[in-house]
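First, the structure itself, so that you have it in front of you.
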Amino acid sequence: MSVTIVSEPHEEGMHPTLPQLVRAASIIGGSCTVIIPGGNGADEASKIQGVEKVIKLNGACFSVFDSSTWSAAISGLVDGTVLMATTPIGRELSASIAAGLGRSVVQDVTSIAPGLKLERPSYSGKAVESISVSGDAVITIRPNAIESAESGGSADVSTVDSGENLKIAILEAIAKAGERLDVSEADIIISGGRGLGDQSNFEKLESVADSLGAAVGASRAVVDEWGLPHSMQVGQTGKTVTPSLYIAVGISGAIQHLAGMRSSRYILAINKDPEAPIFGVADYGIVAQWEDALPILHEAIKSLP
Amino acid sequence: MKVAVLIKQVPDTTARISISGGLVDEGSISKWTISPYDEYALEAALKLQSESGAKVVAITLGPQRSSKSLIDAAAVGADELMHVLYEGDTGSLSLQSALAAAVRKSEADIVLAGKQAADTNSGSTAPGVAQMLGLPCVGLVSEVKVVDGNFVATRSTSSGMERVSVNGPCVFAFDKGDEELRRPNVRGIMMAKKKPIESLSPADLGVSMEDGGVNVESVGYPPEKPAGQTFQGAASASEVVTKLREEANVI
Amino acid sequence: MGYEALDFYDVDSLLTDEERMIRDAVRDWVDESVIPKIENACREGVFLDEWRQELGGMGILGAPLKGYGCPGLSYTAYGVICRELERGDSGIRSFASVQGSLAMYPIWDFGSEEQKEKYLPKMASGELIGCFGLTEPDYGSNPGDMVTKAEEDDDHYILNGAKMWITNGTIADLAVVWAKLDGVIRGFIVEKGDEGFSAPEMKGKHSLKASVTSELVFQDCKIPKDRILPGVKGLRGPFSCLNNARFGISWGAVGAAQSCFDSARSYAMSRIQFDHPIAAYQLVQNKLAWMLREITKAQLLAYHLGVKKDSGEWVPEHISLAKMNNVDIALEIARVARDIHGANGILDEYPVMRHMANLESVKTYEGTHDIHNLILGRHITGIQAFTREA
């Protein structure tokens, strides 16, 4: 058995998901080769325990993401099961590699057990599939679903050059607009209520939201009283949202507010009143003044690996 | 120019999913719709139809009930409808082969699809079909235009947006765009009912739906969340962040 | 996303595929374009012009009429459209009823070829708005005694009189006006801008606030001869229009009732008093069960009336019964729903009080509840009881 990991290029060295993929490879068993398109972070990769070989795959084509060209460059090098991370690039590239090799692909695996027993969510998390794989497949693994492998390895690093030509040309890069995500689309929402004390404190929620890629929501009380846009209002007469994570800061959890957010997958509440009804639906409740808790929360988020 | 749009029929995203005997109970699903991202692909195809005179062929693979999504596509303006009729479950490989064969048969120049389906949530179809057709693929696209004979697409990247150009046939996988989706009008609905659907079996396309390797053993409900936990004091915030990462896996 | 309607007996499974597709299209439109905007429109007392354009764009105006750019749908489809629109607001449905059944229909059935070609395609597309002038300040339930009259004057007719309670009046490009010519009721098309014609809006309504209601005033109003509807004389003209509009109302009321039920149910599930959701109490369940019962019956009634209308095997009394019953139960459901909402029920955060106030008009217009009783009474006994004269 062998496993080939295709590690997504990353600007600052090795892609942070690589140690997790190595860990997954060790569960599958057999030799583990890491291919890094563009070659960034190969040295770091070689020091992860369990990696046998690192291939720096160099070529002009790696300046632009072009899945069909990249998969042509990569496919010849892979051996055995192929692992990638479930990122936008990982999804597209893995499917392309799989189809090119005439294999099946399993995306967004959240659990992996020996004998290639996999689990993955479907129907937007409303169901979980248990999958068994025989033979060589291409698999993407959800970031942070699996622990990282330890460091302490010393794999061989070699270089392969690819002469593949890009089929896609970039005409223009458009920087991310400063626009906020809409609460009805966001996977993480941080909402503020009257407990924030003043409208200006929403800036603090916004900076946490920026670190999380989250949208900012609000309770009706502050939408009405501070004149915030109605589109931010979560609740019965606002938006009904079902993000993976809903963070309620200084919101009491009135029934009308709960109506709009209680089906969120996880709810974190920060409120100074231990009796606040929001704690009744919270998966994680922090009883504290938000002025104290939010900076600590923000720092902890920023220092996540 | 001919544009193929790959459309999948899925349970409405608000539908409750019931599971029995290790399978999703399809009978309990009251409402089926076109998978949301596919609707953006269809909208983009209809834009190419009105702006560049393209013909739009809507293609679906699925059981009999999924022909409804083709009629819905016709109601907003799809010119041709092709149904690869297959009642069973599909693996990614056979599905992609059958769709690629259908695209070939339709003689479409470019292919638009959603970035991922609302049921399987995989996102393999567009890049897989591209590979099988020997075409490039551009993902996370919100817009495609024809500019001087090239296809110019806007796609999102980790750092923002990018306008990319492809100078020949290509597969584009659509994300949600800014475009408002058009609504069918009565005339469209009445014409849709008269539009013929070309119905083909995988065998007609020379494709076998046997797909070794990956086996969905069973489907179940996600595990129950642990009971709510309460922490006293601001300092606990960092512990909670760790739990959000490790226990809940949401950040 | 999609609104899932209360349909306990799966009555909609009896619809054709196209009827269901039309239903879904209208339903989605109501969710996206009516419900988020209706409260504001009511507060400001306006019918949004975008609604006119979008209704026209969907191609549902004048639904059951064929030819001249009209949709040519079944009456059942027309009913379904009314039901979906009225789930949003009775005012939106009123606009569509008046445009299709009261203004387009008489031109389509009784108009000259030139009139049909001139007006119908643009009315179907929403480009031109029509209204229907029958009721007068002193003649409501008995329009036969109307006093508005027309006189010949060379190549013109001169109209004098006034109509009241005219839906769409002020925003209309043309009015189908019923007036007496030599003592016989005839239909006339009066266009906005015709000499001697004005249509001031009636303000201060507590009901149908998102619908425009107006007076039509004719002071030596001069219209060309070719504006008379050649095909009908007498009360049959306006009454055949009313049959179609009433048919639509019998469906529409079900939509308003469904909206009230939905709101009451979800409120009852989430409102906790005495430690439990109020939905857990028998008295509240009784109310909800009663609503479900009446709505299901009304749905079946409307559907079967649609079948009869489409097959041509109907009499006006069939329509009277459905209009009367369905509006009656919808109004009662709105009141009970308001009660279930407690104080919240009086706020415009919830649709119930708006529906309730709207339905008061719906109960009165197109033949009051009791006029329909009298129609049925005459049908049963053979004795007319509208007047005290024999």
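Which chain is which? They are A, B and C, in the order written, and residues in each are numbered from 1.
Heads up, the rule we're going with is that a contact is a pair of C-beta atoms (placed from the backbone, for glycine too) under 8 Å apart; a residue touches a chain by one contact, two chains touch by 3 or more.
Treat the numbers as computed from the prediction; the structure is a model and nothing was measured.
Where touching is counted per the definition, the chains common to chain B and chain C are A.
Here the chain at the heart of the structure, going by C-alpha means, is B. Centre-to-centre spacing of chain B and chain C amounts to 41 Å, using the average Cα coordinate of each chain. Look at where the CA atoms of chain A average out and do the same for chain B: the two points lie 21 Å apart.
Note: centroid distance chain A to chain C, computed from Cα atoms, is 52 Å.
Annotation for chain B: residues 13 touch two or more other chains. Chain B contributes residues 12-14, 30-31, 33, 68, 71-72, 75, 183-187, 189-190, 192-193 to its touches with chain C in the complex.
Those residues of chain A that touch chain C in the shared complex are 236-237, 255, 258-259.
Those residues of chain C whose C-beta lies close enough to touch chain A in the complex are 266, 270-272, 349. Chain B makes touch with chain A in their complex at residues 11, 13, 16-17, 19, 24, 91-93, 96, 116, 118-132, 135-140, 152, 154, 157-168, 170, 173, 176, 211-223, 225-226, 228-238, 240-245, 248-251. Put simply, chain C touches chain B in their complex at residues 1-2, 4, 17-18, 21-22, 25, 28-29, 57-60, 63, 71-73.
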